[in-house]
Every structure is written in C-alpha cells, then in structure tokens.
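Dropping a structure here in structure tokens format, bear with me for questions.
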Amino acid sequence: MSESEVKTAKAAGTGAAAPVWQRLRLEAAEAARREPALAGFFNAAVLSHDSLTQALCYQLAQKAGGPDMNALQIREVCKQAFLEDKNIIKCVERDLQAVSDRDPACRTLLQPFLFFKGFLGLQTYRVAHWLWHQDRDVLAFFMQSRTSELYGVDIHPAAKMGCGIMMDHATGVVIGETAVVGDDCSFMHGVNLGGTGKEFTDRHPKVGKGVLIGADAKILGNIKIGDYARIGASSVVLEDVKCGCTVAGVPAKVIACIDCEEPAKAMDHLISPSKMQD
Amino acid sequence: MSESEVKTAKAAGTGAAAPVWQRLRLEAAEAARREPALAGFFNAAVLSHDSLTQALCYQLAQKAGGPDMNALQIREVCKQAFLEDKNIIKCVERDLQAVSDRDPACRTLLQPFLFFKGFLGLQTYRVAHWLWHQDRDVLAFFMQSRTSELYGVDIHPAAKMGCGIMMDHATGVVIGETAVVGDDCSFMHGVNLGGTGKEFTDRHPKVGKGVLIGADAKILGNIKIGDYARIGASSVVLEDVKCGCTVAGVPAKVIACIDCEEPAKAMDHLISPSKMQD
Amino acid sequence: MSESEVKTAKAAGTGAAAPVWQRLRLEAAEAARREPALAGFFNAAVLSHDSLTQALCYQLAQKAGGPDMNALQIREVCKQAFLEDKNIIKCVERDLQAVSDRDPACRTLLQPFLFFKGFLGLQTYRVAHWLWHQDRDVLAFFMQSRTSELYGVDIHPAAKMGCGIMMDHATGVVIGETAVVGDDCSFMHGVNLGGTGKEFTDRHPKVGKGVLIGADAKILGNIKIGDYARIGASSVVLEDVKCGCTVAGVPAKVIACIDCEEPAKAMDHLISPSKMQD
Amino acid sequence: MSESEVKTAKAAGTGAAAPVWQRLRLEAAEAARREPALAGFFNAAVLSHDSLTQALCYQLAQKAGGPDMNALQIREVCKQAFLEDKNIIKCVERDLQAVSDRDPACRTLLQPFLFFKGFLGLQTYRVAHWLWHQDRDVLAFFMQSRTSELYGVDIHPAAKMGCGIMMDHATGVVIGETAVVGDDCSFMHGVNLGGTGKEFTDRHPKVGKGVLIGADAKILGNIKIGDYARIGASSVVLEDVKCGCTVAGVPAKVIACIDCEEPAKAMDHLISPSKMQD
Amino acid sequence: MSESEVKTAKAAGTGAAAPVWQRLRLEAAEAARREPALAGFFNAAVLSHDSLTQALCYQLAQKAGGPDMNALQIREVCKQAFLEDKNIIKCVERDLQAVSDRDPACRTLLQPFLFFKGFLGLQTYRVAHWLWHQDRDVLAFFMQSRTSELYGVDIHPAAKMGCGIMMDHATGVVIGETAVVGDDCSFMHGVNLGGTGKEFTDRHPKVGKGVLIGADAKILGNIKIGDYARIGASSVVLEDVKCGCTVAGVPAKVIACIDCEEPAKAMDHLISPSKMQD
Amino acid sequence: MSESEVKTAKAAGTGAAAPVWQRLRLEAAEAARREPALAGFFNAAVLSHDSLTQALCYQLAQKAGGPDMNALQIREVCKQAFLEDKNIIKCVERDLQAVSDRDPACRTLLQPFLFFKGFLGLQTYRVAHWLWHQDRDVLAFFMQSRTSELYGVDIHPAAKMGCGIMMDHATGVVIGETAVVGDDCSFMHGVNLGGTGKEFTDRHPKVGKGVLIGADAKILGNIKIGDYARIGASSVVLEDVKCGCTVAGVPAKVIACIDCEEPAKAMDHLISPSKMQD
C-alpha cells in the first residue's frame, strides 16, 4: 500500500466510509512493512485481531498485566466490559478520532492507539469505570493504580468522562472522584481536576463539552466550566467559568469570551499575552 | 466479616484500640472475599504476613525488585532498616493513618498501603534515608532512582521527612537534599522543595509541621515554612512563610494568616480566589 | 582506589587529561567496592565495557528493552546510531559533564549515567532523533513512547536538542516536534516547550544556548528565547525573551536583564521575589 | 466443602453425573481454601473460567507464552483450535479421566490439569496437531519446540494420538512424525516411538489401543503394537507385538500373551522377572 | 585468596574445622574475583548471606519463584521449613559434602550449590516433604511440579530420602510416593524408583544406605535393595537385591556380591562386562 | 519467494553455491510470510542479522539470558568466542548441515537453528568450551548449568566435540569431562558418555568419527568407539567397539561389522533384531 493510499484513507477516515478500525489496520500494515523490527509487534497488536475492541483489549492487557494480575486475566475483564457496555467502544473510536483531528504531531491513529499514555490511560479508566458500576471497586482501584504507575494518569474510577477526549502527553493528569468531563474536551499533560479537601461528597469540577485545558492547569473544587471554555496553561481555576470564555493566571481571570465555539477541537492554546497583561 | 464490621473497625481505627495492622488485615480479607481475581494478591501482600513491617517490606520489594537488584535482596535491606531503626514503622503507621484521615477518596488503609505511589515512594525513601546514615549512599541513590522510576517521586535520601505525611497522587514530587519536612504535612502531586542553584550546601526549604502544600507548588531555596501554613496550588514560594499563614500565586503572596491550626489535616486546599485577587 | 584519588580524578575530569569514560570507570570500581550488593550491576553496566558508547548502549537497551522489542534489538539500533553519527557521543560526554558541573546533589558521573531519568531520556531521544533522519519514524516514535513511559520524558524525535544539556529530575518534561534547544541549557523537571495548537508547521519554541528553565515552566508557541536567558519556575512564557534576560510569572514578565552570561551553568534559579513583585 | 464431599464427587466423576469440569472446580475451591498461598493461582487457573476449554487454554497459554509469542497470542490460537475441532475437548476430558483412574499417586484432577508435564505437553501437542492440519506447520513446530523445552515432551505435530492417554512423569518422551497411538494408552516417562533413519516416509510405530508402555521403552521403526499389549520398562522393541502380549528386554522378547484385556488401565507394569529370565 | 588456600580449605573441609558454609563462602569469593561478570551473582547467592540455610532458601526461591507463587513467598516457606525441622540443614550439608567427595568433575561446593539440578531438586523436595507432613499437600504438589519443570527431577513429596545423597546430572529422575532411600546413596541421571501399578498402597522400592544406582536404572515395585548394593546403568530391577551385591541387565541379574562396603562413595559404576556376559 | 525456490535453494545448499546462511534467510523470510504471528520472531532471530554468527549469538543469548546474567552480557561473551576462534562457526555450519541431511523430520535449517534443543545446547557448549580454554571455568560452568536447565543437555565444558554433529531431541544427553567425540557423529536423545567413577583423570569414552549412537545408549569408561560404529538404542557399552561395528544390548555385544562406512550420516538406527537375538 502506497503512502498516498494511506493519506487517502486518513482523509476519508473522518467520514463514515472508512471507519477507525480500517484505518488502523492499513496504518499497521504500512508500518510493519516499513519497520521490520516492529513487524511482529504491529501484527500482534493490530493485524491479528478482528475488531477494534479485540485489539484494544489486547493492548491494555499487555500493558497492565503483571505479577499481581496477569495479561490473560485483564483481557477477560476488558472484554467483558466492552461486551456489556456497547457505548465504550463508541467512545474509544471518538477518542482516537479526536487525537487524529487535533494533534498536529500525530500522523496516524496507530500512534495514540499503541503509544500515547493519555489514550491508553483513558481507556483503562473506561474499564475501571465500568467495574465501579458493577460494584467491583476493589478491582477498579487496582486498575486505577496500574494506570497511575504505567502512564502517570490518575483518574478515579468513579469520575465521569465523556467521549472524544484527547489527553496529550498526559504525564501527571489527576482527575478526582466526583469530577465530570463532557464530550470532546482536550487536556494537555498535568491537568488536575481536584477537590478542595473541605467537602467529602461532591467536591470536584464539572467540565462542559469541548473545553480545552492547558498544561498543568488546576481546576479545584465543585465548580462549573462552561462548554467550549479555554483554560490557560498553569492556571489555577477556583471559580466557575462561563461558556466560551478563556481564563488564565494564578488565580485564573477571564481573558476573553466569545461565542460558544469549540476550542478543544481547534487546539488553540496560545493565550494572547497582551490580554493576560491587561 | 460483614461490611458493617469493617466500618466499625475503621471507625475504631482512629483510636488506640484497633491498630493499623489489624485494620489492614480485616480490609484485605474483605477485599479478597469480594474480588476473587485479586484474592491471591491480597493474601500474598497482606494476609500471609505476621506484622505491618513484614508486609510492607514484601510490598516495597515486590515493586522495587528488578534485574539490577532483585526482590529478595531488597526485602533483606528493608527488613534490616526496620529492625535497626524502630522509629520507621511508627512513622509508617502514622503515614497510613494520615491518608485515611485526610483523603476523602481513600476508603481503606488497603488502598494507600498497596496502591498509592505517594505512600510507597515515601516508604522507599525511608529505607534509602536509613541507608544514607549507614554510609551506604551508593545503595541509597539506587533506591532513590527506583522510586523516581516507579512512582514519579524523587526524594533525595539525605532529606529529612517527618511522620504522618500524606503525598496524594504524588506524580512529579521532587524533594531536595537539604530539605526538612515536619510531621503531619500533606503534599499534593507535583510539589517541589527545590534548591536555588546558588548554594552547594544548605539550599532547600525547611517545612514545619502540619503544613498543607497544593499541587505543583514550588518552594525554592533555604527558606522556612512555618507550622500549619498553607501553600496554594501552583504557587512559587521564594520567601519565608509564617506559622498559620496561607500563601498563593507566582510568586506567592500572603492571602491570610490565622492561628496556628492544622490545615494539613483538614485538607482544605481551596484558597479563596477573592482573597487572592486582593 | 582511595576517595581522594576519586576526587582528584573528578577535578581533573573537567580538563582533557581525564576524560569522562575514565572517571566513570573509576567511580564504578569504587562504588562496586563499597556496595557489594550492586557490584554485579556496576560491572555489567560500566566495568565490563570498553568505551562510553558501548556502556551507554547497554544501559539504554537494558532500560528500554521489553516484550515488543527486546534489549538485544535495541542495543543494535543504538550502536548503529553512535557508529554512523560520531557527534552523538560527543554530546553525551558534554551532557554528563554538564550534570556533574551544575547539579550540587550529583557527586559522581555514575549517578546521571545509570540513574537520572533526564540523562537517560535525553540519550534515548538522541537515538530516536537519528532514526528520524534515517526516515525510520515508526521506530523513532516507538522509542519516544518508551522514553515517555520509562522516564516521564516526552521529546518528539524531530525536535533538535544541543549538547551539554542537563534535565534535572525530569518527570513531566515535554518537548514538541519543531522545538530547537541550544547547547548548554539546563531544564528542571516539568519543563514544557509546547505548541499553540494553531499552527500545523513550525509551532514550538526556539531556545538559545545556556538557557536555564525552572521547574514546570511552559514556553508556548514559535517564540525565541535568547541565549543565557533565565525562565522562572512555573512561568508561562508566551513572547520572545531577549538574551540574558530573566522572566517569571503567569504570564511571564521580564524581571531583569544582564549581560549575556551563562545562567544555565550557574544553576541560579532563585528569582528575586522582590523583583517579581515589582 | 468437606473432604468426604470431594471424595464423593471424585467417585461420581467416573460416571456421567459429575463431569470432569465440575470435579475440577470443586477440587480447586477446596485446594484454594486449604492453601491460601495458592488461592489466587487456583482462582486464575480454574475458578474464574466458565468451561474446561477456557481454563485449559488459559493454562496452556500461561505456560507456553514467552518473548517470542506471548500468552495472549497463544490463548487465541488455542481457543480457535478447540472451537473448530470439537473433538479435542472430548479427548482432553478422557485424558484427565485416564490419569485419575490409573495413577495411584494422583488424588485429584487438579494435579494433572495444572501440574503434570505429560498432560500439559499432550494438550499442547493437540493444538499443534490441529495447526498442522491447517497447513500452519511453522507455528506447529514452534509449539512442538515450546513443549519440548517446557515439559521435556517432544511430540511431532504430525503424529496421531488417540484419546484417554496418560503420560506419567513424561520427561524425555519422544514421538515421531508418522507414529500413531490408539485410545486409552498409558506411557511412562522416557517412552520413545522412534524412526529407524532408513526411511523418509512412513517410519514410526503404530500403537494400538489400551497399550501400556514402561519407562524408557523404545519402539523403533514402522512396526505394529497390538491392542492391549504391554511393553516392559527399558525395552527396545524392533518387531511387531501381537494383541494382548507382553514383551520386555533389549531387544524385546515375548514374555506372555493373554486375552486382549486392557493393561493400560490396570497400570500393571511389573513384568515377572521369572518369565523374563526364561 | 590464593588457589592453594582454596585447596587447603577444601581439604580441611572434610573435617570439622572448616564447615561447608565456610568453604562455600571462600569459593564464592574466589569465583567472584576471577569472573567479574558473575560477581553480582555470587554475592547475591552466597556472600550476602549469614548462613547456609539463608543462602539456600535464597537460591531455591530465586529458581522456583514464578507467576503463580513468587520468590518472596517461596523463600518464606523454605525458611519456615528449615526453622522448624533442624535436621534438614544437616542433610543439606551432608548432600553437599557427598557431591564434593564423590563427583570427580565437581571441583567446588559452589557448583552443586548453585548449579546442579540434582542438588537443587533434592533440596526443593526436602521442603515439599516437610510441607507434606504439615498436611499442606497442595503446596507440596506445587513444589514437586516446579521441581519437575525446572530440573527434570520428579520426587513425590511423600517419598523418604536420607541424607548425604548425590544425584548426578539428574535429568529424568523419578521417585515414587512410597519409595524410601537410605543415607549416602548416589544416583546417576534417569534413575527411576517406580511402582508397578498393581498396588495402590505401598508399591515403591526400599533402598538401603550407600547404594549406587547407575544412569537410567529402573527399580520397580515394593522390593528391597540392600545396603551398599550397586545397580548397573540401564538395568531393570524387579526383585530384591542383597546387601553388597551388584546387579545389572534387563532384567537385572546378580553379577557379584562382596562384603558390605560402600560403593556409593567410591562411585565405581563400571560393571565388569565379562561378568555380565557370564 | 515461491516454495519451489525454497526447495531449489535447499537442494543447492548441500553445495558450495548456496551457503547455510543464505538458506536460513530464505527460509526465515518464507516462514515469516506464511505465519504472521511469528514474523517478528523470525525477523528478530534471523532476518535482522548480517551473518550466521550474529544471528546465532542473538539466539543463544535470548535463550540463556536470565536474572543472573542477562542476554546482553551473554551475547558479548558469545561474540568474543566466535571472533577469537574462527573454527567455531565452521563447526556450526557443519552441524546445521548435518541435521538437515540426516533428520527426515527436519524440513528446514530454520528448525534446528531456532528450535532444536540438541543444536542450541551443542552451540552453547561450544561457547563454554572456548571459555574453558581461556581459563574462565567459572563462567564455563555457568553456561553448562544453563544448558542443562534449558535444554536437558549436560556437556562438560572440557569435553571435546567435533563438527557436523547432530543431537536429535536431545533431552537427557550427558557427556563427561574427558570425553572426546569425532566429526560427523549422530546422537539420539538420552545418550550418555559417562565415567566409571573409579578414575579421577581420563575416565570417559573416546568416540571416533561418523559414529551413530541410539537413544538412551550409555557408553561408560575410558573406552574407544571406532569410526563409523553404530550403538543400538538403550545399549550399555563397557568395552571398545571396533571401526564399522554395530553393538547392542545390556551389556552391548557385537551384532555385525562392516567396512568403515558412515552410519551416522545414513541414520540407520534400526538394528536387526534377528541379529541381536543371535
């Protein structure tokens, strides 16, 4: 398969005609052809599988398996989750598409699927979240722990995460127990949706859809971040942010508010310094 | 053992009657009963041991063991440290109790004991610190390195850490060679007690007791943080902070000062934005 | 070999007479003598090798090897890179020397060489960068992924990094695809040379030589950081910084500008709070 | 479950009422209760599975998985074989029952299922044999190689093995490419069904049903061993053996011939020395 | 330490002055000095321990540890066995001495202690045998299984083995449930003390003291082998052998009988062919 | 590459035109094409290498590497041996060719090269033998131990083995310290070239060239086996065997003597039972 075919498939991939799984397979075949040293890896991780679910459970299990719970056991848990909640795989597809659409450094679906700590951490969370709702919190916490160790991504299994989410680089992400994140959000590394310590019940942020959160930004407490808001890198957000508004600083102040567009998809996380200095 | 019994034991656990080790065992037995896939893990890590020291050395060794120094070797070093310095295990008990008392998302002692990178990183540091004072700095540095790789927690073995310390989430914590931390402090992830580069001798912060430090806060240089102070998330602290005061911002400014209570235990890391904006 | 001999060798090591590799061997022999539990490790990692290149490829391969690509395979790739581009090993020597010169907590070359995530992550990047220019981007991305998992250091293989670079502690470092970093820079952990999301082509910072960047500082967008500049911890830099200037804050403002000295080597990352508060 | 219940289940297990899988589960539950150190193992290997096929594929994969082909990959191959050829699992059940019926030292089905090299080697062969008939001889040879390494059991994947076969101890068993073995045979360790080197086509023994072959016995060449024959330990058999006959010695001579009973089931491998000395 | 000192120590080692553990340590130190590539191994396996028991439990655990039961767990079981039954370590010392005295190819105690499958398999059996008498047959069978996999040595945990036993090469040794072996016996590889299948109770050989059994010899049934008897290689013994007699052949016949000396110690397993041909 | 091309290459492989390494590569490419699940394995083990020596050292190291001495270390030792003694690789080529010529079940060179315990055990011995002559007996014994564990092949590093040797199946082979084996011999599994225990110096067999030794045959003592002799399976040979003679039985008697042809190459190990019964 030529490079142009791959590009065509990628372009088509944004539509219904060439779904995510087809693109992944094409890319894996191309990558295996170009790098024989990894051909076995691409075959085992992608080409030998019949579906995205199967391939993903293989990958999550290979990563998370260890002496306490081996890869074979984790794959069974993963498969059960995807079988019983059909919405998970739909979210996964949207997550993959999100990375492909928004990350300029990401040329293939293969990269996030196999390599990105944010993507793999998020999908392991999705399994842990399903376990949580089966009252299997013991195993859910175990999966959270593995995710934190492996990827530096610490998402409480009770948190609610939407679909189409991109977590770029991901090291140091912490998302608390009662946090809620809407669809189509983009998080850079080090994002923290934290509690305030005062409350023992509902104490974490509620983030709307399409929100873009810069690196190391902290959103603390049971506050509301409106749809399509933008949070500047290293900001500390302690109050609600309205829909379509951009905030930045320590503590964060409003920089600008526009119509409720979708900043997460645009990945425009340059916040005009002139505005910040106002 | 019924769930209510576990709760009772947990409640009692804050007093002298039900020590930490008993609670851990009860919780492990309950967890093993509820999640057979991890029953072997809970047995190996908790139930098969006779004491907290024994179980902890097993867990630290299982984690830190690798091709350069295996689990059996690390366990021996750990046991020797706990045997020769009886104060270490007392600190461990207080650390466990601290997490249980202060972290609302932590329902059991089992979670920090087996899963929390902050707890496990701190205890591995305690072993490295003991080695340091045996003039075994080579092995102490090795342990520091393993801790940084495994948990993202980088504590110099010469640093002095008190007891009753909670490090939540913990990814990215860095604590320098001449830092001192008092009892009962609480650190969120990403906390940095750093040097300033100018000095080659005593160049890191001296943190009092009961101090609460928010996520990604940096305290730089040989400065003094008074007892019960609070440091806002993402703050950069470059000057002394007085007892009972709250500081925040880049660079950090004083927000408020109260009597010398214990904010670390309250885990109230919401800093009023109205005050910050003053 | 006595401790004084080691010190002499270290002192001499800054000159041409006692090159880096000789010092490493002396230190490894001394460490093996002092800590028998790690004698096998020091022998395998340093003493059994004939050159710095050989020892480094051993160490990178031991760390990065895994089920997808084993240590033997990675070592071959590493050796090929060092063989075909003789400049890499010169950079490695300068990197080692840089850590030794600038980090007060680092007493030996052995520590960074074997243990420091920043050093090991940087050298794995150097191999990935060489692969990138061989049009082997598939394997280059694989190496980037391993580096991010193992060390929490995420450097795009296309980024251009100079020589004599120190990355201290290193957890959470993220350096983007079109970033350029000059010689003799010093980065603390959590440094981010990020894009802004708006541009798909040249979108990351261009950092001059001898620049010192504090912990968790973010430099975002295709901006220019002049030689010998200093960036305060946790700063968010969105505009060019002139040669010799110190900036700090969120967003970063100029604190002071001096003649174009070399702050990276002095490691003076205390930024006067009085100036920041101006 | 009490020991008497286990015995009852075992007794009943020879009939249709309590199939092999039910007995295995009862035994695993009992064993887990009695030996907590292995409770996790018994759960992972038996109790967490829904069927004998599932549990067996788990066990074969856990054993045979390695750096060249991991456990997840081997399990998929195993499951495919058992799915497409429903006769394999029936053979497995008869093999298990055979060990239970014939080996006095084997008190449970659990022992052969989890521990016996003969049983595990035979079942891995069954998967390799299925692969052979799918024209996947490359993978079939790989599985043969793993079986030889792990269990010391070297069965060519093209050989034809019946059902209800017991291989006791098993170290050193070698069975050649064109060998055929009937149902209900019992082999001690070191049994060799070898070729003669002269022929490149059909060159290995054809063994009837219910044959008992003693330890280290060699049967060489395309000869016929009749049903219910007995071969003495360390014999070298170079000529056909008639149904119901006992042979022994180097080279083997006929000791006695009786009606065609089933010596393999009786496991009577004492050959009267007085008769041999005739 | 010079080679002559080692020799002196070895010579003295047969007396009370230089016990086995001292010799092992001297040899390990010498070996570590001569082969730096294994210095870490010798340190971890011998030099870092305080006693023979401690070192042996380390070695058995390192070997037998795996995914089902890890090295740390096995070491605890081993230490418990040696603690509660003080006779085990005395047997171990005699076993080591036996190999040193009788095997011309064995120049050091280090070789059997670290490398010989017969020695390591025998000591693992000793632990399993202790477990058997604690009514922990589940774990005892597990240990038997590991021993068979690792060393090709299959000894039923209920068998009774004396002290001062040497098993040379050891691959393929099988010793049944009701077998008894006296002190000071020497077994070559492939020795089988087997049952006859007819009996479900006491059905294996009773071997006296000082017996020498050649490679692949089979002794079958509840028969008695007198003290100081010799069994020729590849023999099949089906009847009692009197004290001091040599037997050989298939089936075995008496070759000669002498006074009850100790052929096991002389290791004279050349059986005069002229006598056999009689 | 078509199957017919492979066959042509194989046919040609017996001549000078298509050397062993070319055939191996062709076969590996074909196998990788036919079995994608093992494509990565064939690439890593064969296709990624430049020479037979390089590929073999990779394979031996992958197999023998472990916690005591890792794969990277073993590969260096292997490469050094092949570099300094150029005759080793010539022997390896002849060994490979021997298996291909003589084993009807072996269709490719790939099988012995990657999978056959006899071939891999023999080559590991060749490295150990080289070490022995460098006075590195400590490491030589370590390699012997690994070979015995991994392959069930126990060859003393001081033994002298010729070239063009095939060891089929190989489990249980034991070859003593002072044994000598000529070129072009073929050994089945379980062959023992043993000592007699009486002598502490030269005490093992001297086997000529082209000798064929059947399964489990024992040759004991410092006796001479003439060129092109044949030893029947399970024989016990205690006296010299003349050139071209066939012996069999316990103890072995002469069956026939012919001109000094090369039975090892013909692999005719059927010994006429009529002659044995004479």
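Chains here go by letter, A, B, C, D, E and F, matching the order in which they are written, and residues are numbered from 1 within each.
Heads up, the rule we're going with is that a contact is a pair of C-beta atoms (placed from the backbone, for glycine too) under 8 Å apart; a residue touches a chain by one contact, two chains touch by 3 or more.
Owing to the predicted nature of the structure, the values given are computational and were not obtained by experimental measurement.
**Student:** If each hop has to land on a touching chain, what is the smallest number of hops from chain B to chain E?
**Tutor:** Counted as steps through touching chains, the separation is 1.
**Student:** Mind checking the rotation angle between the two copies, chain B and chain C? C-alpha superposition, nearest 5 degrees is fine.
**Tutor:** 120
**Student:** Matching B-E on over half of contact pairs, by residue number: which of B-D, C-F or D-F?
**Tutor:** From the options B-D, C-F or D-F, the copy of B-E is C-F.
**Student:** What is the distance, in whole Å, between the centres of chain D and chain E, each centre taken as the mean of its C-alpha atoms?
**Tutor:** Roughly 28 Å separates the two chain centres.
**Student:** Compute the distance, rounded to whole Å, between the mean C-alpha positions of chain B and chain F.
**Tutor:** 58
**Student:** With chain centres defined as C-alpha means, what is the inter-centre distance between chain A and chain D in Å?
**Tutor:** 49
**Student:** Which residues does chain C have that touch at least 2 chains other than itself?
**Tutor:** 37-38, 41, 44, 48, 62, 67, 70, 73, 152, 171-172, 190, 216, 234-235, 250
**Student:** Line, ring, star, complete or other: which one describes how these chains touch?
**Tutor:** Drawn as a graph, the chains make a fully connected set, so complete.
**Student:** Could you pull out which chain B residues touch chain D in their complex?
**Tutor:** Against chain D, the touching part of chain B is residues 32, 36-41, 43-44, 47-48.
**Student:** Using the touch definition from the top, list the residues of chain A that touch chain D in their complex.
**Tutor:** Touching chain D: residues 44, 48, 58, 61-62, 70-73, 75-76 of chain A.
**Student:** Would you tell me which residues of chain E are touching chain F in their complex?
**Tutor:** 31, 34-35, 37-38, 41, 45, 62, 102, 104-105, 111, 114-117, 150-152, 169, 171-172, 188-190, 212, 214-216, 232-235, 248-250, 266-273, 276-277
**Student:** With touch defined as at the start, can you tell me which chain B residues reach chain C in the complex?
**Tutor:** 67-69, 73, 77, 136, 138-139, 141-142, 144-145, 148-149, 152, 154, 156, 171-172, 174, 176-177, 190, 192, 194-200, 203, 216, 218, 220-221, 234-236, 238-239, 250-251, 253
**Student:** In the complex of these two chains, what residues of chain D are touching chain C?
**Tutor:** Its residues touching chain C are 67, 70.
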